[in-house]
Amino acid sequence: MKIEGKQNIWKEYQKEIAEDHFFYVRSCVRQNFFPGSEKTFLRILQYELKKDLFENPSHTTCSGIGYHTDIIPFETSMTMVARQFALMTEAGYENLVTSCITSFGLYSEVLETWHHFPELEEKTRQFLRKATGREFKKPANVSHASDIIFKFRKEIAEKSKYSLVNKDTGKPLRVVEHIGCHYSKMFPSKGIGGAEYPYVLVGMIEDWGGEVIDYPERRHCCGFGFRQYLVQANRGFSISCSKKKFDSMEPYKPDMILTNCPGCPMFLDRWQYAISEMEGKTYGENNQGIPVLTYEELAGLVLGYNPWDLGLQVHQVPAEPLLDKMGIPYDPEMKFRGADGQDLGKPEAPTTLKFYAKEV
Amino acid sequence: MTFNLFVLPFSLGFIFLFFTMIMKNRSWIHEMDVEDKRKFKSGLRSPRIFFALREIFFESLLHRKMFRRNPMLGYMHMSFAFGWFLLILFGNMESRIYSGFWINPPYYPIFLKFFIHDKHVLPFEIFTVPGFFRFSMDLLLLFVLSGLFLAILKRSRSHWFGLKKTSQLQFSDKVTMTCLWLIFPLRLLAESFTAGAYGYGGGFITQHLGNVLAFLWPLNDKDVAYACWWMYSLSLGIFFVMLPYSRYMHIPTELILIFYRNFGIQTRKGSGFFSEIELLSCSRCGVCIDVCQLNTAAGIQDIQAVYFLQSIRHKQVMNNIVNRCLVCGRCQEVCPVGIHTDYQRLFHREVFRKSQAQDFSFLNGESTRKAEVIYFAGCMSHLTPTIPEAMQQILDTAKIDYLYLDKDHTVCCGRPLMLAGKPVQAEMLIAQNKKTILDSEAVLLVTSCPICYRVFREDYKLDIRILHHTQYLLELIKKGKIPLQAYFRKVAYHDPCDLGRGSGVYNDPRELLLKIADPVKVRNEGKDSLCCGGSLGLINAGTEEKDRITKEALENYLEAKPEILLTACPLCKKTFAKHSPVEVMDVAELVMEAIPKKAGEVMSC
Amino acid sequence: MKSFGYNITEDRQIDFDANDRNVTVFINEIEPSILLCMGCGSCTATCTTGHFTDFNIRKIHTLIQRGELKHLKKEIMKCMLCGKCQLVCPRGVNLRNLILSIHTALEKSGL
Amino acid sequence: MSKTAIIIGGGTAGMETASQLARLGVEVDLIEKQPHLGGHLKNWDRLFPNRRNSDEVFDYLEKGMNDGISLHLNAEISNIRKSEEKFTIALQDGKELQSDALVIATGYEVFDARKKEEYGYGIYDNVITSVELEEFFRSNKQKNLLEGVASKRIGIIHCVGSRDEKAGNLYCSKLCCVTGVKQAIEIKELMPDAEIFCFYMDLRMFDRHFEEMYYEAQEKWGIQFIRGRLSEASENTDHTLLVKVEDTLTGLPLKMKVDLLILLVGFVPSPETRRLAAMLGLKEGDDRFLCPADEHTITNSTEIPGVFLAGTVKGPAGIANTITDARATAIQVADYLK
């Protein structure tokens, strides 16, 4: 690997990311999948980095899921996107930050469409006016939340309490990064580092002390693919895609998988469980699986936040092996207790996948 | 004195050989199925036994076929076989005169001159009974020795014997051959020294040679003579013991083969014993090497029938030797022993591919229209569409109600599978085609492909007439059903292997050609015709080797400067067309061209 | 093993490095003319068995070159060895021997 | 007073045009921006299809550099003016040249393989271009280089930057196919136990003896051809590469590990060709190569009187065709100058 070659490409794919004053739009599904992540993003931006960030509770889905599952026409999507823009305009913001990769992709797609077909923008304005009476300004900057973390990765590193280094061996942890398809595969120029060698997560990993592992199926989809998962009959295809990735990364012995998309961590995490149940096959050391984290979770860990405050207890593949390697202390007893210390009950252990670290 | 220790090597060798042959023959008889056993038993009680003896006399002793091929070669074989035979015969008679008994120990006639020293018989005396035998025995020894001289000569000057290439010998053959070559010179020496030592008792050669030797030799002549007798006996004994392990096994085996063959026992599937007899009958004379086109055209010299049979005997059958053969039948045609080399080859291909399964379950019988005559073009004809096209037009012209059975697609006739050594699998295709053929209720099956023709006749067991299109066209012309005009172009006819040597159809195409063309004479034709090189029998050979065979065959025809090279096989046509500078046509196409386009140009036949 | 109402589908991808190519090497040694194939498909087009089934000698051979032998035995059994393919091959590939070699290779490798 | 011509570009086309024009009695100025003549020819080791040394062709061309040709090496053109049938070319060093005719022979350059990011050229250790391979062959250090990467299996990728909308080039570069086959054979000559796979879409062996070379590659050298375009390559930890293609002849996707990947880079018009075309107002085709006055008949002149084209400014061409084309241009120029 010639790192200069990659750096040359990364140089070509630089994008502008706003400095401050963000209008944050949440993801439909992440709050269920990994509820601690968005909360952590807000905490980092507002309390660590002291940035101005605004949310509007009337924000709805961007319709990306519906659009990509072929049940919502593009005109509808454009109008819904226009409404989010109107909420932002009304709040006096112009820097849009999306939590969701698909939203990021859809916003980029809509803006690009309007750029090439101004009449569609005009039409959308009419639709929005008729439906809601709102007006909007197009955002000055559209970034994905991972772009923001990427931008401030060095500040986070400065404040960090832990790094991606194995505390026993002193060696960097081996991290596999997985970029959501809609981040830069649609518009390579809108992603940091482009489509072939995206840099957004690589930059975080490198600056936080880890080592990035490239592996043959790095570019392959996580398997979510909307229709693949949402239609039950297609789920075999979804899990097969994930398995292809696991099989490909396994020989590289990654310590963790880092993701920046709502669906990817969900499927890379949960399918490890499903594969272990269906075929008895597990990845990672001691049948523990390969922990899958969102970039917000990882940033939180680096900054020394309590793992259970980050929501790591909702992961199917236990994150404890990673915590152990990084030397992050945690109280196993508190894993399944509520904020007030109330016992929430323990989930049933999977057949093969080692879920409870203590059993190891 | 009728015994001496030195007779033991001979006697033991002789007994060994005698019992070996008895045991061999017993096991062969044991392996016979009911049918063959019946033939064997009835054969023994029938005049066929005399036919067999006649054949043995002409072929095994006189070597008539060899004479036809080359007089030197014939004489060489005859002097050995017939000379030795007469020596044994005369020796036996002579020994009876001296012993006074009808039954003597087997060594007695062989070593008679050691035991008997008749001083009353003069070397050139021929008008008394003992004198006649004494004289004849020397004469016969000379006869055999002249053959020996030629045999030695043949090793280095094989071309004098009409052989371009003689077979390469194995070690056991060399030892046995040396013993054989030593037998007669040693006999000469033993008898001569004995006659010289005693001063009498020899014939016109042995006595005079003995006298000279006695004069020249400073030692005790009787001791030298005794040593020679030992060596003579030893060489005979070793020869007999080695014989079953060498090519000379052909001498006793061929006799058995001739008997069996005359009794009607034949090479066929599953008769392993007959295969064994055949391959043991191979004298490795090497005649097959010269006629093999893989040798003459492609320079491949290690796969010919002689080596192939040898490899079976030594249980070293290799892929290369079994599968590299055109199965054109040329070697079979010239084999002096009449070994079915093609059958042997296919039989061993089968052994090679025994466990290789096929699945033709996708074929299901389609019922066909009823017709009296059915036409089966064959797979290959579909790649030379002008042939079936011509046939259709001719049959239409002749107003024949026929069914073109494989118009849309062909189920292979099965012979290619057989040629690959898969007769059992071929049966599946045969059953399929047979059903379609029988469903049509036809009485006549005409095919354009000699490959199909052969398998239809040999393996389909159809109770209907089967004709190759050359035969059928001749029949139609004779019946006046096909109008023909004068169309005498100069053509050279190529006999396809499966039609000529394979099925014996030589005359019908020629008779037909005389009616419509001007056939020229070519060097190799009829039984001696060459293979085009496209044979499906040749499993592993490269394009280059095949091309060389084709070019060699082509040269044979082009020498006669024909306008058209004519064949009766789609595969030959396609193979020749690749290299031929003259037009290559099928007989059917030529007939088609000879049909007048306008009425009134009809030629009577 | 649990069932969730769907299956993990086998990867269709040819994993060239995972495939055992001993059979390929064996066949190529017996019949090197096969290396000359340029994938024109005339063999398959003229094939009689191909008329009745989806037997495709061109594809079978290509798969062998990749070490893919999964359905080889089932497929190769259908060939009638008539030799038409060989007659039309523009590169002079000895297809009949190829097929017989495949049989031999399968036999030897116990597939 | 004899007429004069300026030839811009001292590669194969420029040299041969100059030589022929000089023979015909025209005074020629040959402008080359490099310090030496020969252009791309100097980069090739041996030429297809007969694998003769490229220096022999260069020697032939150089023999034509006789009296009547003024060489201007290291010369960059700053502008071109045309007035009353005369062309005035200003060079960057301040020199000015005048002539009655102008021949554009500025040729092509190879496609920048880095643009096919997914092939990892410039990023992965063992991805090189066909041009680099020629350099290795030329410098006679080839064995060391290939041994250095322990190459046992080598993938040769056809159509890199050609026939590819994503690369912005719809056209076929024609000569990459035969180059790939030539190089495959050359590698085999050096390393008989190497396993070589060519990944191609079509093998366009259009010229004499090309197809025979393909045959030789298969028959004699056992080079394997897999029909399918490389979709992406990725690097393994041991610096080998994993290539993913569809084996279109089996209809299955395929992945394979290779030790070295050679990209057959295609032709694109050289920047100098495009700059001169813009200066002179010459017509570019959809493929950005220059258009002659007529594609079939007037193949060496342009719509601007006195401006002629020679060689690969008009599109991909091999050495032999370039030389033939240069001669045709020379005749046209001489005719024009009469």
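Note that the chains take the letters A, B, C and D in the order they are written out, and that residue 1 is the start of every chain.
Criterion: a residue touches a chain if its C-beta (ideal position, glycine included) is under 8 Å from a C-beta of that chain, and two chains touch if they have at least 3 such contacts.
Predicted model, so just to flag it, every value in this text is computed and none were measured.
**Student:** Find out how few touching-chain steps suffice to connect chain B with chain D.
**Tutor:** Shortest path length, in steps: 2.
**Student:** Weigh C-D against B-C on C-beta contact pairs and write down the one with more.
**Tutor:** Between the two chain pairs, B-C has more contacting C-beta pairs.
**Student:** Of the chains shown, whose Cα mean is nearest the mean of all protein Cα atoms?
**Tutor:** That would be chain C.
**Student:** Can you work out the whole-Å distance between the CA centroids of chain B and chain C?
**Tutor:** Using C-alpha averages as centres, the distance is 39 Å.
**Student:** Rounded to the nearest whole Å, what is the centre-to-centre distance of chain A and chain B, using the mean of the C-alpha atoms as each centre?
**Tutor:** So the centroids are 84 Å from each other.
**Student:** Return the distance between the CA-based centres of chain A and chain D, expressed in whole Å.
**Tutor:** Result: the chain centres lie 46 Å from each other.
**Student:** Multi-chain contacts only, two chains or more: what residues does chain C have there?
**Tutor:** Residues of chain C never touch two or more of the other chains.
**Student:** Which chain B residues touch at least two other chains?
**Tutor:** Expected reply: no residues.
**Student:** Can you pull out the residues of chain A that are in contact with at least two other chains?
**Tutor:** none
**Student:** Give the pairs of chains that touch; include all such pairs.
**Tutor:** Listed by label, chains in contact pair as A-C, A-D, B-C, C-D.
**Student:** Spell out the part of chain C that touches chain A in their complex, as residue ranges.
**Tutor:** For chain C paired with chain A, touching residues are 1-9, 11.
**Student:** Touching residues of chain B toward chain C in the complex: what are they?
**Tutor:** Residues of chain B touching chain C: 319, 323, 353, 355-360, 362-363, 379-380, 382-383, 409-412, 414, 416-417, 420, 422, 429, 534, 536, 539-543, 571, 574.
**Student:** Could you list, by residue number, the parts of chain A that touch chain D in their complex?
**Tutor:** Listed in rising order, the residues of chain A that touch chain D are 1-2, 5-6, 8-9, 194-197, 214-219, 251-252.
**Student:** Which stretch or stretches of chain A touch chain C in the complex?
**Tutor:** 232-237, 239-240, 243-244, 274-275, 277-280, 351
**Student:** Looking at the complex, which residues from chain D come into contact with chain A?
**Tutor:** Listed in rising order, the residues of chain D that touch chain A are 114, 117-118, 120-125, 232, 234-237, 239, 242, 244, 255.
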